[in-house]
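Next up: the structures, one after another.
Shared between the two complexes below is chain A, which pairs with chain B and chain C, respectively.
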Partner chain A sequence: MEAISLLPLMTLLQLVFDTLLGFALLWLAWRALASPELFQAIVLFIAFGLLMALAWVRLDAPDVALAEAAIGAGLTGALLLATLARLEVKNRAKSELEKKHEVRVITEKSKHQTFFFLLRMLLFMVVATGLVYAVLTLPENTSGLAMPVLENLESSGVSNPVTAVLLNYRGYDTLLELSVLLLALLGVWSFGGIPKPYRSFPGPVLNMLSRLLIPLLIMVAGYLLWVGAHAPGGAFQGGSVLGAAGVLLLLVGWRLGTRFVGLPLRITLVFGVGIFVSAGVVFILLGRQFLEYPPSFAGVLILLIEAAATLSIGITLAALFLGGRPEFRRHK
Partner chain B sequence: MLLSEFLTSVLLLAGAFFFLAGTVGLLRFPDVYTRLHALTKADNVGLGLMVLGLALQAESWAVAGKLLLIWLLVLLSSASVAHLIAKAARQKGIEPWKQ
Partner chain C sequence: MFITMQEFPWAVIIIVLPLSGAMLSFLFPRWVKLLGVLVALSVVAAVVGLGWQVVEQGAQRYAIGGWGAPLGIDLYADGLSLLMLIVTALVCLGVSVYSTGYFNRAYFRRSKANYFWPLWMFLWAALNALFLSSDIFNLYVTLELLGLSAVALVALAGGADALTSAMRYLLVSLLGSLFYLLGVALLYHSFGSLDIVILSQQVEPSPAVWASVGLISIGLLLKTALFPMHFWLPPAHTSAPAPVSALLSALVVKASFYILLRMWLEIFPVGGTALGQLLGLLGSIAILWGGIQALRQTRLKMLIAYSTVAQLGYLFLAFPLGSYIAWKAVLFLLLSHALAKTAMFMAAGNILHFGGHDRIKDFDHVVQYQPLTSAAFALAGASIMGLPPSGGFIGKWLLLEAAIHSGQWWLVIIIIMGGLLAAAYVFKVIGYAFTQSRVSHQTRRVPVHMEWTALVLALAAILLGLAAPWPLALMDIGLPFGEGAAG
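== the complex of A and B ==
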């Protein structure tokens, strides 16, 4: 009896919570964009990512929530902060140089500025109109592809529909996502070696924290990878936790031994994409389509691909945090 | 209402009160050190009470164990991060508030 009488109250509370969450997200997004100070903007962006993860939980999408919290808030935040630290070092050097030579930077407000402002507004209007049009023309009351996905779940090799979509039905997308991550790292590496490292004194607390957390993070990455077959989790979530372990290691001053920086590191970085593509190609040779797995061992294959992808994603994210190509001496 | 549900409600409300106190401290205290003090300590207790309250409703011991693990991890990280922020503030030369 009591449970029934409490029901409208609970719905109301949820509605209030969702509304607050929605407005908080909009406000944080606006503040992050409008904030003049970069550090503040990054902190707001991280807060935005965490609230966004909460929003995904409210939308019953725990897989996306995990990825958003780990990559969107955690690792992107760490990458942005690392970039900011380097920018500050660079700016300080630049402003000292300018002081020395008494270079005066003259900023002129020109007609170009108003022109670009109008251009930006136009672009904004076009995008906004497009979005409104897309939302208004959404078909109502369709079940989408949920039913076909659930009906064919048995032949996908896993029981978590999200993993089935990501690794089996839409394997292309995940393969391309992995490639994008690899390309991003190649882009960073093509800028050259690691920028001059800012000195860090980790101190006993950070050292102790890393010792306690890193084994746990590696274990959690393995757990997320394994659990992805039948519950929220998977390669990207596991990989980003592994990447976080890498970032923590880099923060306490740990560096990969020069022995491993050359070929072993590069092989690990392309391992995920490599296994994924070879799995696809092998099935072409066996007379199937690219990435069309036979249902009998799709499960094992998905686990294999995800394990390779987890490792590659983790190492790639940590390498991105390092921000440059690690030096290694070629044997002459 | 069952006893466990009653206890859960009390613990959750107590936890929320500690979170509220920590947030008020964060907003009202004069400098970074006192704010850290208010935030981390109050939130750790608040989360502990909430975890305890939720563990009473857990379906299995495994779920209760996971909740406890979350609390322990937050304790570890919030204590360390509070120390690191305070250390960074000291290195930046921010003097503790005195009055």
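== the complex of A and C ==
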């Protein structure tokens, strides 16, 4: 009797929670965009990422939630803060004259601002109304590709459907995504070396905590990689936790020995995509399709590819945080 | 055990080769130039292999991972994608030969020059993957790869101008991708598939489909820089290094147009509607506006960039017509513009390299000092204007035919006026190339192969017109534009 009477209460509570979550997300997004101060905007953005992860949990997508929390809130936040730190160093170095010039430019712009603001708002309203209407008229009970995904799970080598999609059914997409990450780092490195003025001075807390946290993070990364085969987790989540360990190491002032900065580091960065492409091509030579794993062997192969990808993702993310190409000084 | 030639997966090889090349040239910066040329040659060979397959056996479908759509991702190659791949291979081969001279250690910091090669090969891999994809989400991933590599390449030039325009390009590119992705999500939710063929069979007009038509079109138009969304193009294409400008104008903007073309041809039931008329109208304005702006420019690279804005406008004239001939005409224009514009930007790069500036009025006997470059610019200009027997002429001729056939006379006037404007700005440059400048400049030697590459690509744009029946026949493989009888 009691269970029956509790059911509507639970639904009501969930409804209230979801509504609050939705509004909080909107409010945080708006505040982050409208905030005149960059630091505040970044903090709001990180909070937005955390709530977004909660929203994914509510949508029964724990894999996405993990990725959102680790990458969306965690590492992106760290990257943004690192950028801000460098911007501030730069701004302080700017002469007074340049600052005055900057102020003038801003005041000149403000004349047009109201007009464009109204125009943007109008455009936004029209698009939003159209989208809401379109979403409301969507067919309700579409399962998408859920059925074929589950039906073929046995021959995919893993029992977590998300990993099956990412590493097997649509492994090609993931291969290209990994390339995007590598490409992003290449783009950053093409700008030049690590900006000089940026140096960190770890306090005692950071120093102590990092000693405790870094081994733990590496272990969690390994666990996430392993568990991805049958539960939420996988290369991207594991990789971003590994990346977080790297970021902590960099924060306490650790740097990769110059011996390893050249080819060894580059090999580690390319490893994920490299193994993935090689695995694909080997099967062409064996008379199968590109990236077509034999079902009996698929589980091991996926773990191998994911392990390589985790390592590369982690190192790439940490290298992105460093913000520039580590100099290779063998000849000096 | 081993596979026969008939079923050798050339399509995969075409994607994997530049991808591996990019990684190898990142790993071994010492060998970048050799790797770049080797990869370019082998991709050309692989494209020939795929071309042979497509001509012999018709359109090819390849299930990656052996799953097949809708569960897996399919690659698809018909006449349309094959022609895009061929022109990409030609342009990229030219770019790789040209860049061995352009990214010389004497003029570029070595660390920067080395990064050109992996970035450019990532761009090529993205283009090939894009032209071969049959999956709308996979297309999104290739768009991201393409956009990011293009942005990094623009920023490679260094300096405030290049960095600012690269940043703006990045934001525009991301905005475009997000619009596209939202449209994809709506389509997937409505029909439970991401494969273009399956979607084309199932799609029915509904509010969600119309929303996704709008979102996808706006996203891709932003990336294709159709007027009035062209604002980011001239600064980005101007401030990039010359071979990068060539890649951007010739191929990158065409890639998003290609997706739009596929979507409109196969998925969206919108041919000949008011939306098509709107695109045609914007295209017409782009032709006139781009032409007038090009005429007003004082710097050569800026002029060429605005010429791209104008020439992109032509591509959208097919949407109000929507006929078999119009689509073929537009594809033909696209191919010849890709070749001609590469030649033009390379010629501009040579002139810039030689004289140290690209101010049109200060050209000092360019014809005398760089006869090959001048010839390349003039020939490419002839194709852009649409003089016979160039590729541009055939394309415009077919487009005129389609416009007259459907009785849309306003398009005829636009096409002719666009040609006149193009003639005006090309002759403006050529005129100054003969004159003496009052200011004397210090000059640098331009490697001969940089001049020859420009000339060969310009000649290819002309030859495309002479060999027109061949590409026109290729376009019909797999019937991407429907049956020809109606046209």
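Quick note on the criterion: the second predicted complex is superposed on the first by the 283 of 332 C-alpha atoms of A that agree within 3 Å, B and C clash if a C-alpha of one lies under 4 Å from a C-alpha of the other, contacts with A are read in each partner's own complex, and residues count from 1 in each chain.
Note that contacts are C-beta pairs under 8 Å (C-beta built on N, C-alpha and C of every residue); 3 or more make two chains touch, one makes a residue touch a chain.
All values derive from a computational prediction rather than experimental measurement.
Colleague: With the two complexes superposed on chain A, say which partner A:Ser179 touches: chain B (first), chain C (second), both, or neither.
Modeller: Only chain C is touched by A:Ser179; chain B is not.
Colleague: Going by the touch definition up top, name the partner, chain B or chain C, that contacts more of chain A.
Modeller: For chain A, the partner with the higher number of touched residues is C.
Colleague: Do chain B and chain C touch any of the same residues on chain A, and if so, which?
Modeller: Touching chain B in the first complex and chain C in the second, no residue of chain A appears in both lists.
Colleague: Chain C touches which residues of chain A in the complex?
Modeller: Residue list for chain A touching chain C: 130-131, 133-135, 137-139, 142-145, 148-149, 152, 168-173, 176-177, 179-180, 182-184, 186-187, 189-192, 263, 266-267, 269-270, 273-274, 277, 280-281, 284-293, 325.
Colleague: Using the touch definition from the top, list the residues of chain C that touch chain A in their complex.
Modeller: 1-3, 9, 12, 16, 19-20, 22-23, 26-27, 62-67, 70-73, 111-112, 115, 118-119, 122, 125, 129, 137-138, 141-142, 144-145, 148-149, 151-152, 155-156, 182, 186, 188-193, 206-208, 210-212, 214
Colleague: Which part of chain B faces chain A closely enough to touch in the complex?
Modeller: Of all residues in chain B, those touching chain A are 1, 73, 76-77, 80, 83-84, 87.
Colleague: Mind listing the chain A positions that touch chain B in their complex?
Modeller: Residues of chain A touching chain B: 2, 203, 205-206, 208-209, 212-213, 216.
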